[in-house]
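One chain, chain A, links the two complexes that follow: it is found with chain B in the first and with chain C in the second.
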Partner chain A sequence: MHKNKSKLKRYNIPIFIILMLLSICMIFPFVWMFLSAFKTPADVYTYPPKWLPSSFKFDNFAKVFQLIPFGKFYFNTIVTSVTQTFLQIVLSITAAYVFAKLEFPGKKKMYMFVQSAMFIPAVVTVIPLYLMASKVRLVDTYAGIILPQILGVFTTILLISFFQSIPDDLLSASKIDGCGYYRILWNVVIPNSTTAINAAILFAFLSHWKSYMWPLIITNSTHKRTLPVGLKYLVTESSSEYQVMMAAAFMSIIPILIVYIICEKSFTRSLTMTGLKG
Partner chain B sequence: MKKVVLILSILLLAGSSLIFASGNKESGTESEKPVTIEVWYSLSGKSGEAFKQRLYEFTADPAYADIKVVSSFSGNYGDTGTKVAAALMSGTEPHVIIGGNVAYTGGRGNFYAGEMVSSDPLFQKDDVFEGLWDYAVYENKICNIPYGISTPLMYYNKQIIEKAGLDLSTPPKTWDEFLVVAEKAQLNGNINNADEFWGFVVKDVPWLFKTQLSQNGNNVFEYVDDNYTVEAVFDDASAAEVAQWWADMAAAKVMPIGEHNNAENVFLAGNAAFFVGSSTKIADWSETMGDMLAAIPMPYFTYPSVALGGNTISIFPKKDQKQNDAAWTFVRYITSTEPNAKFALESGYMPIRKSAIELDIIQQAFQNMPMYKTGFEQLAHGWSYINTDNYIALDGAIRRTIEKMENGTADAQQAVIDAVKEFNIEAAD
Partner chain C sequence: MNFRYSFAGKRYETIQTRAAYVLLAPTIIVLIALFIIPVIQVIKLSFTSLNSTTGASRFIGFKNYTYLFASPRFWQSVLNTTLFTIVKLTSEVLIALIIAVMLDSHVPFRKYLRVSFFAPVVVPVVASSIIWIWFFDPTLGPFNQILGVFGLPQSKWIYGKSTALMSIALFSIWRGIGYDIIVFLSGLQGISDSYIEAAHVDGATNLQIFFKIKLPLMRPVLAFVIMMGFIGSFQSFTEVDIMTPDGGPGGSTLLIVNYIYQQAFGNSKMGRGTAASILLFLIIFSMTYLQRKISDRREIRDA
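Then we have the complex of A and B:
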């Protein structure tokens, strides 16, 4: 009892309550989405709103598969997101290593140039990117979805700040032992940066999983479409089938939840270590 | 870490093989060599399904065996705009866009669709409701073809009206008469005994306001010179009368003030007697509300008129005349009486042709859903204001005007004068 009291004292109760309330606000839409996925149209439009569905049936989930090729959209999203994440992380790690640990003429200017890319809204780059992609015949291909989206400035900057914290002496010692740039990167830098790399993977995967505008613009065939575009097929002008949309939305976030649960610890740790705030 | 890299590598290899295995060409029979046309459509849900069904029927018809249509969903109207802009700049635009905009065609000097509807007697241009062409013109010249056309409809909840003891067999004709009916429905029709119960709700306030302006002889915009310079004109006495009606409705507490976004849910939950919304809701809401849903003709100020909504068809001619002919054949097919009527019935849009009334399926629909007849009859009073790229600024100015009227913070005449000023500033920006 005494132990519990002292434990409780360690918490800042008002802050704890505020965080609890904020957490509820954050979780509420997800809980609502989950419960709505089981509702009937009548449940959705009942007033005052009903929290629980009248019965937990999977009809809405089945209807999603009847209305759209949900499996194909899912498959496309997994293929493109994983490939994009992999390529983006490879490029980000190598670029971050160069900026954090190597010296070369014009480094500062180039770093500023890379940073400035973060401030250009994605919507501005859509049309020029499309023009380039169409010139090299990438329209309506998986490569067209993947390649133009693999240059992740944010993940590069995240990794730069982490790589800078690795002592230079460690790298010098490896150099003396005869390691080249790539060996130092592979054997020294990467093993010492797993938390930051995991966080970068999570960030990259999240942004690719939910990417909507680019896959919509670059693809024309239904069988090349990804989940965010596919979900739009369900939206009607009168939007009266919320329950079906909720079922589709719920199924579409499952991989994100899994990835987040796996990476959560290293994600929060790396944010603390790199001094970044979400 | 190594495991993560290994798993990602395997997935990358799988992904890469798929990338290289996939080309950007659709599979097809090379030997038959039908003319292939590309069609983008910005219709989703039931409308999208209804369109795809027409596409299937076209493809299955032996008369059109020499045409192959490759279709693609292009997102909502906004997304389609971005997609089309990119495609037009790179020369990869499709042959046809369902859900097109006159800016894509007329705005770029493309009046091909207008030339075709006038020159092809098989199209029967005069059979299309006249007002619908207003929706497909750019600088007074036809550049698109009306397709998925909707009108605002005055829906009501039968159960509420019955409980309130009202008889709508002779519906209110004017907005003043409507206010009286809505008040009575609110007073006696609370079927749920809800704490908040309303006589009337509307979500798309600007659409109704524009409809009302047209009913009072105000065209929202007018050309002021031969260069097609457009000027906003909704600042006169006719507009002020419309604005005043909103103030009267708010003063009578018949509708919720400033809470229009939730109007659909309030009406569907049975907590409002009347609702103004798109005729496209007929198909979906008939399932949700069943027999409780009905509609009356839109009340009016001076004469009946409804602002049209929906989408049009854009055609982009190519160098290959065979492709252009194929694209036109396809467009003529989907806009012909029966396919268009079927599309309309399944999607909730209205048929574009007067001759649709002769079809059994339309007569059947009128019998089963009298509100569909109400919507169809309103097409005779269809109206559209001059197309502007600044409709967001226009709708914003209207929303703020209504807000002022509902809150009683401005005189009606001054509110509409301010609205035009605000619109002009935003449009200039």
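Then we have the complex of A and C:
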């Protein structure tokens, strides 16, 4: 009843105008990047600087590929973030199922143990992990980039809270049908939680895609760099050729922005679900 | 064979227990490799003089810690991080709360508005930092141009000693505020309509409803956002490493994590870097512990 009433209510226009102005401020950097990726050096280095490009040419994009192996960076980022996401989700699903639906001695202690990993700042483990990786010769390899980043406490907690909402009757029914615990996970729990699992995949993928500090530390040759690390070196190598930097930023931002806009609903829901559980 | 057994007063089944341990084993192994061993190592390393280029390492007791306590550059990074966090956290939480309340009212294009506020959160920080480097350019950047249009004085942004840290905080607020807004918004939407309607019937104004009903009910959400914001902002690294890689004019943007990175991977002083990272952990841990204690006590008092 309340819902119907609020639909009839008139829009709050003054507040809408304020919000629109604020949202223009928020997306202004992206608009600027989009327009500037097409600017010529003359557009950028005149005074006062021009806001609109004088023509829509793709010269800056070509320049990015000349300056840095951008395609290789893209490839590296896709390989590492897809693998990391896959491993992280497998670990999260199995652990979440155990904590949400199985009973065993020491469950509470194990859960606290897993949770405690969340409270250790990444920078604390970075130095020993680097030393360990160099001991086993994983520096500057894909495995070296991938392996230390496959534990996701956040996605585990997200899935636990979702798995708990699956009714126990559903699980015991398949147990009576002769399913073991592994079969129940595969045949009942996973098919019934696709929305939550998709949200977790999306969350993990987006955070691996933008991951910066660890790939920066563990790579030292150009051809192993990921996109964020490669972009850092573009800043120094293209030394303030802003229009080229914008073309590179454009190519790294737009695909991920499109993925986010398509999956916005499930992503937001996953964030708030765990956010409020704390 | 499946047996029932009891352990510490609770009943279990052997098959279920075995399945649980098998499924949990990979997570536990990874956890030990990626957290437990490194944490033990980090404590050991902080008492050594390990240099990663020479490979020389010897036990030096608390020398790394005494070095840090006497180092003006380390203290500068602690001070910068604290200032950065205070400015970022207070303004971000305040603005996010106001925007969330506005989004909670009846406005059109809500999905567009939500996406536009959250978009900076999902894009790679390195990529957005690159855009903002241009914004902060004193001669070619749009910020000074806009200030000029309104006849306001020009700023040196990340190139000025007094403005650099605050410029980076401004960027950091832009890229982080969407998360706070979304969490606050879901908190506000979780408040039952019946409270609000009852208050309306009693003649309460919107402002009263916000301060007397919504805000108190939002306290756990606020506490969560502040805690996460604090932990995140004390670990900020990327924006400074991209925009002012050398720590800014006069070290004015050097944050603790950037200091650790410089020591460990720039100067190869692994021992000193680990000691600094332990100090950072202690700061974060004690602050979150304190906040937990305060909010717990409040809940007991209010109950």
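Just so we're on the same page, the second predicted complex is superposed on the first by the 221 of 278 C-alpha atoms of A that agree within 3 Å, B and C clash if a C-alpha of one lies under 4 Å from a C-alpha of the other, contacts with A are read in each partner's own complex, and residues count from 1 in each chain.
The criterion applied here is as follows: a residue touches a chain if its C-beta (ideal position, glycine included) is under 8 Å from a C-beta of that chain, and two chains touch if they have at least 3 such contacts.
Everything numeric in this text was worked out from a predicted model, so none of it was measured.
Asker: For A:58, using the defined touch cut-off, is the partner it touches chain B, chain C, both, or neither? Pick first, second, both or neither.
Answerer: It touches nothing on chain B or chain C.
Asker: In this superposed model, does chain C or chain B come into contact with more residues of chain A?
Answerer: After superposition, C is the partner touching more of chain A.
Asker: Is A:45 in contact with chain B, with chain C, with both, or with neither (first, second, both, neither)?
Answerer: A:45 sits against chain B and chain C alike.
Asker: Considering only touches as defined above, state whether A:143 meets chain B (first), chain C (second), both or neither.
Answerer: After superposing on A, A:143 lies in contact with chain B but is clear of chain C.
Asker: In the superposed arrangement, does A:194 touch chain B (first), chain C (second), both or neither?
Answerer: Only chain B; A:194 stays clear of chain C.
Asker: Looking at the overlay, does A:186 come into contact with chain B only (first), chain C only (second), both, or neither?
Answerer: Once the two structures are laid over each other on A, A:186 reaches no partner at all.
Asker: After lining up the shared chain so the two structures overlap, which partner does A:232 touch, if you call chain B first and chain C second: first, second, both or neither?
Answerer: Both partners.
Asker: In the superposed arrangement, what residues of chain A touch both chain B and chain C?
Answerer: The overlap between the chain B and chain C interfaces on chain A comprises residues 45, 47, 123, 126-127, 130-131, 213, 216-217, 229, 232, 234-235, 240.
Asker: Across the complex, what residues on chain A touch chain B?
Answerer: For chain A paired with chain B, touching residues are 41-42, 45-47, 67, 78-80, 82-83, 85-87, 89, 123, 126-127, 130-131, 134-135, 137-144, 146, 190-191, 194, 197-198, 201, 213, 216-217, 219-222, 224-225, 229, 232-241.
Asker: Going by the contact rule at the top, pick out the chain A residues touching chain C in the complex.
Answerer: 2, 6, 9-12, 15-16, 18-20, 22-23, 26-27, 29-30, 32-33, 36, 44-45, 47-49, 51, 90-91, 94-95, 97-98, 102-105, 107, 110, 113-114, 117, 119-132, 148, 150-151, 156, 180-182, 185, 206, 209-210, 212-213, 216-217, 227-229, 231-232, 234-235, 240, 242, 245-246, 248-249, 252-253, 256-257, 260-261, 264, 268, 271-272, 275-276, 278
Asker: State the interface residues of chain B toward chain A in the complex, per the touch definition above.
Answerer: 1, 4, 8-9, 11-12, 14-16, 18-20, 22-24, 26, 38, 40, 44-49, 70, 72-76, 79, 82-83, 85-87, 89-90, 92, 150, 192, 194, 264-266, 268-271, 277-278, 280-281, 283-285, 287-288, 348
Asker: Where on chain C does chain A make contact in their complex?
Answerer: Residues of chain C touching chain A: 7-8, 10, 12-13, 15-17, 19-21, 23-24, 26-28, 30-31, 34-35, 37-39, 41-42, 45, 52, 99, 102-103, 105-109, 111-120, 122-128, 130-135, 137, 139-142, 145, 148, 174, 178-179, 182-183, 186-187, 190, 193, 197, 220-221, 224-225, 231, 234-235, 237-238, 241-242, 257, 260-261, 264-265, 270, 273-274, 277-278, 280-281, 284-285, 288.
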